[in-house]
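Pasting a structure here, questions to come.
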Amino acid sequence: MTFGQLPYDVAHLLGGIMVLLSFVLLYQRRVSAVIGAFAVQGGVLAAAAAWQAWVQGSPHLYVTALIALVAKAALIPLALRALVRRLDLHRTVETALGIGPSLIAGVAVVALAILVVLPVTARVAIGTREEMALALSVILLGMLMMITRRNAILQVVGLMSMENGLILAAVGAAGMPLVVELSTAALVLLAFVVGGVFVFQIRERFDSVDIGFLEIHRGERR
Amino acid sequence: MLTALASLVGLLVLLAAAAVPLGRRRQGGAVVHGACLAAAALLALLAAAALAVGPPEAPLRLPLGPPWSRMVLALDGLSAWFLLLLGLSGAAASLFALGHPPGPARTLPPYPLFLAGMALTLLAADAFTLLFGFELMSLASWALVAAEHQRAESRRAARLYLVFAAFSALCLIPAFGLLAGPTGALEFATLRTLPPEGARGAAVLALALLGAGAKAGLVPLHAWLPLAHPAAPSHVSALMSGVMTKVALYVLARLVLDLCGPAQPSWWGLPLLALGAASALLGALRAALEEDAKALLACSTIENVGLITIGLGLALVFRGADLAALAALALSAALLHALNHGVFKTLLFLAAGAVAHAAGSRALGRLGGLVHAMPVTAACALVGALAAAALPPLSGFAGEWLLLQALIAGWRVADIAFQVAIAATLALAAMAAALAAAAMVRLFGVAFLGRPRTPRGAGAHEVSAPERWAMILPAGLTVLLGLFPAPVLRLAEPAIAALAGPVALAPARGLSLWAGDGATAYLPLVAAALLALAGAALAFAVRRRSPLPAARGPAWDCGFIAPPAHLPFGDPLTQPGPAGIAQPLRRMLGEALLRARERVDMPEPGETRPARHAAGFRDPSLPLLLAPAAWLRERLADQGERLRHLTIRRWLSLSFATLVALLALLAWLEAR
Amino acid sequence: MALLGAVLAQLLHLALLLAAAPLVVGGTRWMKARLTGRRGPSPLQPFRDLDKLLRKRPLLAENASWISEWAPHAALAATILAAALVPSFARGMVLAPAADLVLLAGLLAIARVALALAGMDVGTAFGGLGAAREMSFSAFAEPALILCVLVLAILAGTTNLDVIAATMREGQLGLRVSLALALLALAAVAVAENARIPVDNPATHLELTMVHEAMLLESSGRHLALWEYQSALRLTLWLALLAAVFLPFGTAPAGAGPLAWVLGLLAWVAKIGALAAVLAAFESAIAKMRVFRVPEFLGAALLLALMAAALLFVSTGLA
Amino acid sequence: MPLPWIVVLLPWAGALALAAIAAPRLAARVNIGVAALTFPLALLLLFQPHGVQGWTRVDALNAPFVALAAFIGLTTAVFSAGQLDAERFDALRLRAYHAAFQLFLGAQALALLSDNLGIMWVAIEIATLASVLMVAVHNTPAAIEAAWKFFLLCGVGIALALFGTIVLYLAAQAVGGAGEAGLSWASLHAVAAECDPGLLNLAFVFLLVGYGTKAGLVPLHAWLPDAEAEGPIAISAVLSGLLLNAALMAVLRAKAIVGANPEAVAPGPFLLALGLASVLLAGVSLWRRADARRFFGWSSVGHMGMAAFAFGLGGAAANLAGLLHMAGHSVVKSAIFFGVGLSARIKGSQRLADIGGLIGTHPLLGWGLALAIAAVAGLPPFLLFASEFLLLQETAGRAWWLALPLALGLFLTVAAKVAALQRLCLGDPTPDAAEAPGRAARLSAVVPLWLHLGLALLLGLLMPPALAGLMAEAARIPG
């Protein structure tokens, strides 16, 4: 599986799309668009998992793909939309760092991911190498998104996006035990539920999901 | 014998546990203190036996302690010597507590624990046990210092005390760690085989000085001592001042003189000399200025700790210069003075406790004339005060005589830097001794002589019989130790031989103290006998010539008129108070060394308010040491708080930055 | 036989000092009076005063304790013992092995503390004031004294006064700057210890300026006599000490016969007389200083002594 | 079923049952019952043969800590039963609370026991999620803030840890450890020397940042003090007592793997740096605390820092110090939370300024709390004294330049704790809240408090030789 071969190219392509979608998540201002991008990312992740299942010949990855499709591409985005509708957040447009600096930081993060991963993975299968670099990019971009957003929902989305990156890494590493992937997926859902509960609580308590309001209430603040 | 000692310590710990339920009963205090008395007396007996017949050879291994370092106990000349002091003072203090009205129940359990901690420290033959006992002793005495925790100054003293105790441990543990090096050995027998050299040795010395010095009250780490020692109940103050500081000095001697090996250079003694001299001077001066009887005694403890440290430092200097006999002389001075000071300081604190109880205050300005109401206490206190003032033939003089002789012999070190340093130390030690005499005269004169200063003080009464005996016994011991220092010192010979070199002998011949071959001698018994003879002959002769008994009349008082009826103790203005007696020294030395200040608030003509004169001093260690430390801590805390006030997003950024930084570091490391 | 001689010399010495003490005080007073152009009382006047005081019934304040009665005895006993230790006409007296300078300082401290306690016993203004000053001065005098002892000990190898006196007499020490400095320092200490001008004025009863006399204001009768005598004996002792160390000539060596004793006695009388004359002249020439200048005076003595020791470290090649 | 799984699944079964019980009294009793059943089983683990069984392993490193955790779980359940009426839960919250408690206990036991690094990750994530909602359960602004921070920071951390795990798996894969073996700690440890050092390094950095966040190492600690200050106090007790240990143990396991490869970058200095930063920052920050629970939360940061420092120093003795420190900290810190919880209830406030004079009015509580704080400050005769002694001694003996900052941090910490001790326990008593806790509530806090003190004393002074041997063996495992 080297450059120019189909399995590699497709995996590479799907990973690249995920990174691109992460960039979309990073700069998109509108909440609904962010959720849309996140849903697409989930879908791409499912495709990547399915592709890996086919390439590696490990059927349990289909399960992973299915979970990703159901949870990441459908369930969670739908729930997010419902949440947004209920909390009436359509018009709230959240800007944080500014789009230019965010993108520059994002590019730097991707460069770092590649710089860190590629040199040390010389003994690993080449496809996995690329996959790891892309997955790390997605993870770090998700983290960056959490940093640049002040809105609790978007922070949850960032966290979920990070998890997408994790799954991408997990499916990329051939032969990861199924149970780990299953429970990871289950925990992502659980974490989402917990995050959703919090968003509700925050909204209920502060009439806003802007965590700037939250920080005023830190215990022991002078 | 070790088994007996170990079980004694164990019994004291059990007693502490039993004291919790006992404290609720009426006779609980009597039981606990009685048991402590018995235990302390036994400790003294066992220690004396060990000194007389030679300590047991084999160490005792206990199935206690952490798995990697089971506790090892041993007894050698040095520890037995200090154990003797612990037993003697502990017995006196317990006896005093037995007769004293019981304090709050919470003071009962820590007391046996305090004794046990000190005994354990002395018996320890490995670093863990030593520190364990050391900190146990600190923790137990903290509970006693905090006994009157409703008073804010008591709490402050307790806090400072415990913080300094922790500081000691945090210095001593690395000292042992450095000593052991990578081997991690903790047993003294092993540590002796690994003497540190060069910078490592210097670091051990510095840490030992900081750690043990902070506990012993060496300047500049003494700020806690005049606060904490007076805050505890008097019998505990007696032990803290008389014994606990000695335990700290024992640790210092053990570490620096014993465990670091005999091959250390001469200059090791210089820091000890400098700190000792500074402590002696500052302690004595503060004692001469303090206006609280127990604080005064605590400051006098600083002075004596300084003198003992000078002795230890001199021993190091002499040993480094291969002058074993002189090293033995200096070491004997330190050991003898440690014992003597322990006994007479116990006595003085007990007397101060008796006064505080009987006259309702320990502020010198509220006492006076107690020699009439409390004759026994006054007599005992006089013995203690005269010993503390280093007057022959009492015990204080014997130790100081040895110390001065050792200092005078300092010129035999063939290096002018050492000679000048020792000469300067000599001057400071002599000055400290004179200041101590001034402080003791002031203490006794203001508290016991003159006229009462308050109605409560005038209504004082003599204390109970056990309390009286608790003072009479150490007073008698002070006299005995003064008369027979040489036989006592010979008991310390194993310790001297172990620390100063195998050929070193105690500087004692027969009944006299001997400052080396061809040098001078001090014959206390002869001096005492001649003094008594001269006194008796004098009294006889004067009586023959002047047989009339003395008549009594009102004091002349330089012609001041008799006081009006509403001033039952005479005109207070014609009796100098503690601040007045301190005035010359405050002006001569205090202004320079202690930032002493006097302020007169003189009303304008026509105003009716009285003029006021206020005098006070500030110990330089507070503004120079503690205040900057607190300031630094506050600034650091400010910075820490700024970090805490970051927003969640910034915290995420920080995690992110940490990750990125670590990755970058990794990349750099791999690229190298 | 040697022991007998030593005992005899000791007893003679003690009797000599005891007898000489009032005479020294009286003589000094007489000389001072002469120097200031007065006739002055007879040198024997102190004997008469003491006798008169002894015969009087002592009066104690109502609240005086046993300290007031015991202190003068203790002080004088300590001073007598101290006086017994300082050689006068002969060395090698029976107490010579015990004649340690540090012990001497301790004995003098006994007397000082007893005096201070007696001064505080009644609780009057001047007693306390005098006691405070007396004890404060000693904080400066003591280190100076001990540094002088150090200088002597370096030269003689011991602090035993008898050996020191022998070394000064027989050792080939020559004239040394450090000895001169030590002499000045010791003299200053002696002046302070004996409450002489410029530290204190022994003749005054002007209450605000005094130190020593202030503590005796409540004493009377035999107590006052004891105090006065103690003071006189102390002065004699100090003069004898200076003489023994710095004017060692003429003293009979240990084990010498009565003839040497007589010579020594004559020499001693001459020396003490000369010293007393110097003292009288000195006191006539200068004025008493303010109380808070005294530390400077004694501090100078301390520095002189320290310098003497340092010089000795350098010059004798001990370094 | 193998014993390790029973120790994990029993609490989880209990959690299922408790999720259905809405009667407070019954739920509390069942909670205690489940914990009481788990404890002897966990004790049995100590006597199990060491080795790997499927996804779990029993070795010297985890058996003592599982037993300890089960003990603390039991005492905390007792404590929780006594304080339940003060929490004023509705039926839903009550069910969630008890279920989360048992879920947490099972999960952290699994985290300790799992040999499979993936399972370990899952277990820690479960424990986090179980506790995070409980932190917010009181629904105050400060609680929500604390919980949100906890959720986000630990969510990110745990994600990074998973990535690190995957990288580790990749490293093992290259030398033939695919499938289950690629995540088994035992086999990873065995083949680590042949693994690609670059991958190991990468994995370690992610695992360190990931699990280090959970262990509260500076600068990843922000969630810890606030999370321990909010929510039911029983949750704080197990959070600081158990979760931190599980996380730090994960770091230690990661360090063991990376350290086994001589070509990899030495992991020790990383731990040393983070540990030292934790000790120093905690020492400084303690001085500005006004809230008792936040104070002790910060103290947890310092203690975890010390343990991390010890592991960073490495070697059998320092590892032993670190392990003992973790154990001692668990025992004592949970005891402190019992005491602080009860005092906060008595005084109606958890501010340091509102609690005072406890030894006068409540001697048993006051002295217990005083001793516990003294113990956590590292004063004898408790276990933490022994571990701090060993750590400081080893540091001074092997790397003296590190002993200075360490001792400085320790000194700041101790001094602050002494001040807090006196603030809480001495002085004039502060006014009590209107509603005094009943006798049962007081006993349910004081008895576990003293029990924990007794245990800390026992371990510090009279550690049974068998356990001591086990600990010494454990200390040799990480290298």
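Note that the chains are named A, B, C and D in the order they appear, and that numbering of residues resets to 1 at the start of each chain.
Heads up, the rule we're going with is that a contact is a pair of C-beta atoms (placed from the backbone, for glycine too) under 8 Å apart; a residue touches a chain by one contact, two chains touch by 3 or more.
Just so we're clear, the structure is a prediction, and the values are computed from it rather than from any experiment.
Enquirer: Give me the two chains with the most inter-chain contact pairs.
Expert: Of all chain pairs, the one joined by the most C-beta contacts is B-C.
Enquirer: Based only on mean CA positions, could you tell me how far subunit A sits from subunit D in angstrom?
Expert: 30
Enquirer: Can you compute the centre-to-centre distance for subunit B and subunit D, using the mean CA position of each chain? Integer Å is fine.
Expert: Result: the chain centres lie 42 Å from each other.
Enquirer: Quick one: report the Å distance separating subunit B from subunit C, using the average Cα coordinate of each chain.
Expert: Each chain reduced to its C-alpha mean, subunit B and subunit C end up 35 Å apart.
Enquirer: Go ahead and note the Å separation of the Cα centroids belonging to subunit A and subunit B.
Expert: Once rounded, the distance between the two centres reads 68 Å.
Enquirer: For subunit C, which residues are shared contacts with two or more other chains?
Expert: none
Enquirer: Could you list the positions in subunit B whose residues touch two or more of the other chains?
Expert: Only 641, 648, 652, 655, 663, 666, 670 qualify.
Enquirer: Where in subunit A do residues touch two or more other chains at once?
Expert: Residues 116, 119-120, 143, 146, 211, 214-215, 218 of subunit A touch two or more partner chains.
Enquirer: I'd like to see which chains touch which, written out pair by pair.
Expert: The complete list of chain pairs in contact reads A-B, A-D, B-C, B-D.
Enquirer: Flag every residue of subunit C that touches subunit B in the complex, lowest number first.
Expert: The contact residues of subunit C facing subunit B are 54-67, 69, 73-74, 76-78, 80-81, 84, 95, 97-98, 100-103, 106-107, 109-110, 112-113, 116-117, 120-126, 128-129, 131-133, 135-136, 138-147, 149-150, 153-154, 157-160, 163, 207, 217-218, 221-223, 225-226, 291-292, 295, 302, 305-306, 309-310, 312-314, 318-319.
Enquirer: Would you pull the subunit A residues touching subunit D in the complex into a rising list?
Expert: Counting only subunit A, the residues touching subunit D are 116-117, 119-124, 128, 132, 135-136, 139, 142-143, 146, 152, 155, 159, 162-163, 165-166, 169-170, 173-177, 179-180, 183-184, 187, 190-191, 194-195, 197-198, 201-202, 205-206, 211, 214-220.
Enquirer: Okay, in this complex, where on subunit B does subunit D touch?
Expert: Those in contact with subunit D are residues 63-69, 106, 127-128, 131-132, 135-136, 138-139, 146, 149-150, 152, 155, 158-159, 162-163, 166-167, 170-171, 173-178, 180-184, 186, 200, 203, 633-634, 636-637, 639-641, 643-644, 646, 648, 651-652, 654-655, 658-659, 662-663, 666, 669-670.
Enquirer: Could you pull out which subunit B residues touch subunit C in their complex?
Expert: So the residues of subunit B touching subunit C come out as 368-369, 371-372, 378, 386, 389-392, 397, 401, 404-405, 408-409, 411, 414-416, 419-420, 423-424, 426-428, 430-431, 433-435, 437-438, 440-442, 444-446, 449-451, 515, 518-523, 526-527, 530-532, 534-535, 538-539, 542, 545-546, 548-558, 560, 570, 573-576, 580-585, 587-589.
Enquirer: Mind listing the subunit A positions that touch subunit B in their complex?
Expert: Going through subunit A, the ones touching subunit B are 96, 112, 115-116, 119-120, 140, 143-144, 146-150, 211-212, 214-215, 218, 221-222.
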